[in-house]
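For reference, the structures are reproduced in the following blocks.
Common to both upcoming complexes is chain A, partnered first by chain B, then by chain C.
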Partner chain A sequence: MRVQNMFSVAGPQAERIAELWWITFAICLVVFAAVLVATGLALWKGRKGTGSGHGAHLAVASAVGVSTVLLLFLIVASVATDRALAQIDASDALKIEVVGNRWWWDIRYQDPDPSRRFTTANEIAIPVGRAVELTLRANDVIHSFWVPALHGKKDLIPGRTATLTLRADKPGTYRGQCAEFCGVQHAKMALFVYALPAQEYEAWAEQQRRPAPPPADGPQQLGHDLFVKGTCAMCHAIQGTPANGRRAPDLTHFASRKTIGAGTVPNDPQQLAVWISDPHAVKPGVNMPAHAFLKREELAALVAYLGSLK
Partner chain B sequence: MFSLAFLLGGCEREQRQFKLPAPESASPAPERTRHEENAHSVAQGKLWFRWFNCVGCHSLGGGGMGPALMDENWRYGREPQSIYETIMNGRPNGMPSFRGRITEDQAWQLVAYVRSMSGLIAQDVAPGRHDGLSAVPPENLRDKR
Partner chain C sequence: MNPLLERTWRDTGFFSAINHKTIALRYIVTSFAFFVAAGILAALMRLQLAVPENDFIGPDLYNQLFTVHGTAMMFLFAVPVMEAMGVYLVPLMVGARSIAFPRMNAFSYWVFLFGGVMLFGVLALNIGPDTGWFSYPPLAGPEHSPGKRVDFYAQLITFTELAALLVAIEIIATAFKMRAPGMTLARMPLFVWAMVVTSFMILFAMPAVMFASTALIADRLVGTHFYNPAEGGDAVLWQHLFWFFGHPEVYLIFIPALGFMSSIIPTFARRPIFGYPAMVLALIATAFLGFGLWVHHMFAAHLPELGKSFFTAASMLIAIPTAIQIFCWIATLWTGRIVFRTPLLFVLAFFFILVAGGLTGIMVASVPLDLQLHDTYFVVAHLHYVLIGGAVFPLFGAWYYWFPKFTGRMMSERLGQWQFWIAFIGFEVAFFPMHTLGMDGMTRRIHTYPEAMGWGAANFISTVGALMIAASGVLFIVNVVRSYRRGAPAGDNPWGADTLEWATSSPPPSYNFDRIPVLGSEGVVVTGLAEKSREVLITTVVDAMPDHRLAFPNPTIWPFLSAVAVTVMFIGSIFTPWAVVWGSIPIVVGVTLWFWPRKDETREHLALEKRP
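Up next is the complex of A and B:
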């Protein structure tokens, strides 16, 4: 699990943001040092009682002058960075809708051809070197989309639509995080961006467009039936089955995802069993209800079925 | 002084018990008190009311294909147990059974919310706002019917 770092940049926009950060940091560092030196000098002179009004006026005037120049420079640098961030060629951009929910990300890949659209959650694969236009919306409260290696923050506000265009130039996995406090599990609302070479991305997307594979054996069949006829299908969807809930993450290719609960725990059978039977032990406050009433073999069957959804 | 007293009064209003202790007896009385005395439970009930498409027939309480839930008329009684059975077993002429589709906790949360619609639960527990636009006052400002 990679950590977030806005200085290990992977795209042109994050690079400009990091540059602006370093410029601001350097200027502030110099000003801070100068203020300390000036304060020290003043204290030293004051101790000897040789200070005169005339020198003080000059010092204040020059400090105001230098501050004004430096602040103006920072404004110019900030505006220039903002302009640079907006100037990205988005003519052939991949369009993805990102919807913030408490506490997970709904990821909907758009396409002019409806049969090529697909939905996933908490993990976004994008092709390297191609612009990606994210449409950001929120379902409940304000969230904020922040993948520091690629771009700055952008708020997701209920009832409004925001767009964020970004590009990854280096393949890799970049962690992102909700950056606006959104409730008790705000800290466990992570997402992962996988920047893949173009061909790998196409293969991944083609795989995601397929409906879920049918259950292969007895336990998987039992898991499928429990899922479709029980509580799961009230909120979750699995394409290719009657389960079509739209309130919780789409699980069509759940087994291909690396984490459960928006980056909370790794996606393996043990963690999945714990998550299904008692999600509040892992992520207190999620809307997923506890399923402690499931029999042992029912839980194992659900885990086996979900584990087969590659 | 008064405002401090009000603040203290609100302390446990929304205490969130994500892991509710098992009821001590099989009777529904503990279920009722657990959920009807906790603002978080009622708010969750309000969420399920939209999520599981109760609004499809009952609208936001005013009724449509299904009967209104914010008035004083109850076809099968206003007691929590009757409402619970309506939700879990269904009723003739359209109300579907949700048994096996939602958990028992979710059903009791829905019961608490349905009762809040006609002012049957304490004002300080009932939801104080809507997530969307609504033509009616929030549940905590409704008179008991």
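Up next is the complex of A and C:
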């Protein structure tokens, strides 16, 4: 299974990098073999004491010359690839702001029209074949955005803004994770990119722009009330409700996401109940406090309400 | 054996010892102990990662383990052990009675020891640093790492850098001013050249990290904002300062190992080294280039693209000096008459492991490739190939090679060969799979990973390899202990080597040489050094012409006591800035008494003065 492999490429940039890798690898392999063969021969000759010094200076000098030429070639290949990576047509790029937090990703879809902006977390849907311009920022410490199927890494550094432009040419789900050590739960800071055909993407985005659906039944209503009047709303936001916290993932369309806790566990009612009552059992050190004080029916109501936020 | 010289030069008392061989052996044994301790931490990490979703070690402890592993391996093992080998060998190789500034040497050892004990002490108390050996702010800053953990890290750096800087100064002074008459620079052994180059690199690299760690601790303790972007500081400043030291540091470890290679290969090829001038120039070129590639650790941080290309070029071109040396060694072996002994075996592993590591280094020097490989297990594999293949294997070779000189006894060949093969195979089993893990997306510094990632099998294999490496370490310790007790007597020069350390007894007497050796002239030149007082011969830098006699200090306890005072000040400053004020007073007292002239010594020296 190759979930996060740099050779399972889905975009032009990852493809260029993989090509460069194979060129470099081939040259290095030849050099490695040559050095080993030369060492082996030297040991064989030296053991018998039959190696003559005749031409040794010339041999060493030519080996150095060949190494230099190969290295210069690799430098040129590397710089050329680097330039190619930057030359992606971003004129109609979809603009997304990605903000790194310990230990989750805040994903904010930009639009000139403010009513068309929306926010999600840890899962990014993008249209296939269209460039995406990611603006990368960090709220607390340095993180690094990395989805190997699409492109290399780019750091998210507090106090600085970086951009990363990429494109997916194949529909699919591509996993990535934070690549710069960011503290106790660095291991559990994954993200997913869903490359969707253009129409599907538009449908998804339209859905995400809507406010959350109102509670449909009694338990959902109880869950809604607990959410907006309790501690949840201090950190989380749900558009269309008074909950407007900005310190934790926006949950407006929480039920449309596949995982909880930045890829830590699958998003299903059992896992969600465990996560709400004791997130530290799943992801020790996470900033969300435990809610073991909730009564069983309250917990069930919250799970039911969050599960309705398609 | 000259009893008068022995009485003059021998150490008095454990804490006042200043003989360079005594201090060097303590340095070597201590840094080896830290190596073993940091290796145990690595084994624990490997056990945690052996299977997916393991809960053997939690994230908090895991982060302490990898931080202390990296910090200890770099600051408490790799650099100090190389310097310690230099402290032992450089004076012998240049034909001197002592290392320059022997009291400072003792002081350096004690500071190093106390710093290392502090690091492992706080780990044992479960308050070890947990932000990585690179400790990037803002993660390592006051807001995101409250408590004292990172302060211990920052002060450890201050401890070890102080110790390293002092040794660098001693080695440069010894190699440049204390060579035996006739040992011109062009005749200086390659290991001494390697140590000189390393020492100069230390002088230029260490101040950067000492400033960086001092600024970090100031941010943490007294509220400065060097690294705080919200107040006009810059998080990336640390990265520049740290890697301006951190990349040369790799060469501080690697260049002495090149010196081992150039000592051991000619001995067992039974011919002088091929291409001596090229070898020397390659060492110097490595040192210069080594300062021009720190940014390749920061390709993923957004820096100007043109600048990155420059660092790609420098990072790739540094392969050339190393290639020159490798080709010269191959030529030496090719034209020699080889005898296979354990030291040569360890040294030959270099060709297999370091060359592979150097080639993966060329890969990660390329910006596009590094963007994929950076901070993955590919880099973990690369750096262990370079450091273990390029430094640790040659270091083991060096230990087998010079153990007879250190102790007067040979190490067991049979155990040595067993150790070599277990270490070599264990190394490949442990680290080769990490290349594929990295390309398969496994990032560094993660305490666990989901089963669905498909990394389980390679990680399990890697853990098996790590345990094999541990077994080879045990075998080495057994070999050392057994050989030390009842190894075959070595004689002065068991390998038939041609450098000066083999021209005296094994182990060498406290004064190193009965008569100061003279190179390149027939017969013995009487240098006229006093025997009842500690006198050394100072020679000119380039030609090593005798210049003057210099009186050297006697053993004293003040370096030890000064080191204690410095330790109290450093550790105290973690808890209160006032420790810097009050803690300075005992240091001043200690250092003053250290340099206080003694009447009887001065009288003795004056009596030896020859009036013109």
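The working rule: the second predicted complex is superposed on the first by the 305 of 310 C-alpha atoms of A that agree within 3 Å, B and C clash if a C-alpha of one lies under 4 Å from a C-alpha of the other, contacts with A are read in each partner's own complex, and residues count from 1 in each chain.
Criterion: a residue touches a chain if its C-beta (ideal position, glycine included) is under 8 Å from a C-beta of that chain, and two chains touch if they have at least 3 such contacts.
Owing to the predicted nature of the structure, the values given are computational and were not obtained by experimental measurement.
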| item | value |
| --- | --- |
| Chain B versus chain C as contact partner of A:234, first or second or both or neither | first |
| First, second, both or neither for A:247, with chain B first and chain C second | first |
| Partner chain(s) touched by A:64 [first = chain B, second = chain C, both, neither] | second |
| Touching partner for A:293 - first (chain B), second (chain C), both, neither | first |
| Broader residue contact with chain A after superposition on the shared chain, chain B or chain C | C |
| Partner chain(s) touched by A:152 [first = chain B, second = chain C, both, neither] | second |
| Partner chain(s) touched by A:144 [first = chain B, second = chain C, both, neither] | second |
| Which of chain B and chain C A:282 touches, first, second, both or neither | neither |
| Which superposed partner A:184 touches (first chain B, second chain C, both, neither) | both |
| Overlap of chain C and chain B interfaces on chain A (superposed complexes) | 140, 184, 284-285 |
| Residues of chain A that touch chain C when the two form their complex | 1-7, 14, 16-17, 20-21, 24-25, 28, 31-32, 35-36, 38-39, 41-43, 45-47, 49, 51-53, 56-57, 59-60, 63-64, 67-68, 71, 74-75, 77-79, 81-82, 85-86, 102, 140-142, 144, 146, 148, 151-155, 157-160, 162, 175, 177-187, 263, 284-285 |
| Residue ranges of chain B touching chain A (in the complex, touch as defined) | 16, 18-19, 44, 47, 51-52, 100-103, 105-106, 131 |
| Contact set on chain C toward chain A in their complex | 58-60, 63, 130-132, 136, 138-139, 143-144, 229-230, 234-236, 269, 274-275, 278, 300-302, 305, 308-309, 312-313, 316-317, 319-320, 323-324, 326-328, 330-331, 333-338, 340, 348, 351-352, 355-356, 359-360, 362-363, 365-376, 439-450, 452-454 |
| In the complex with chain B, residue positions of chain A that touch it | 140, 184, 229-231, 234-235, 247, 278, 280-281, 284-285, 287, 289-291, 293 |
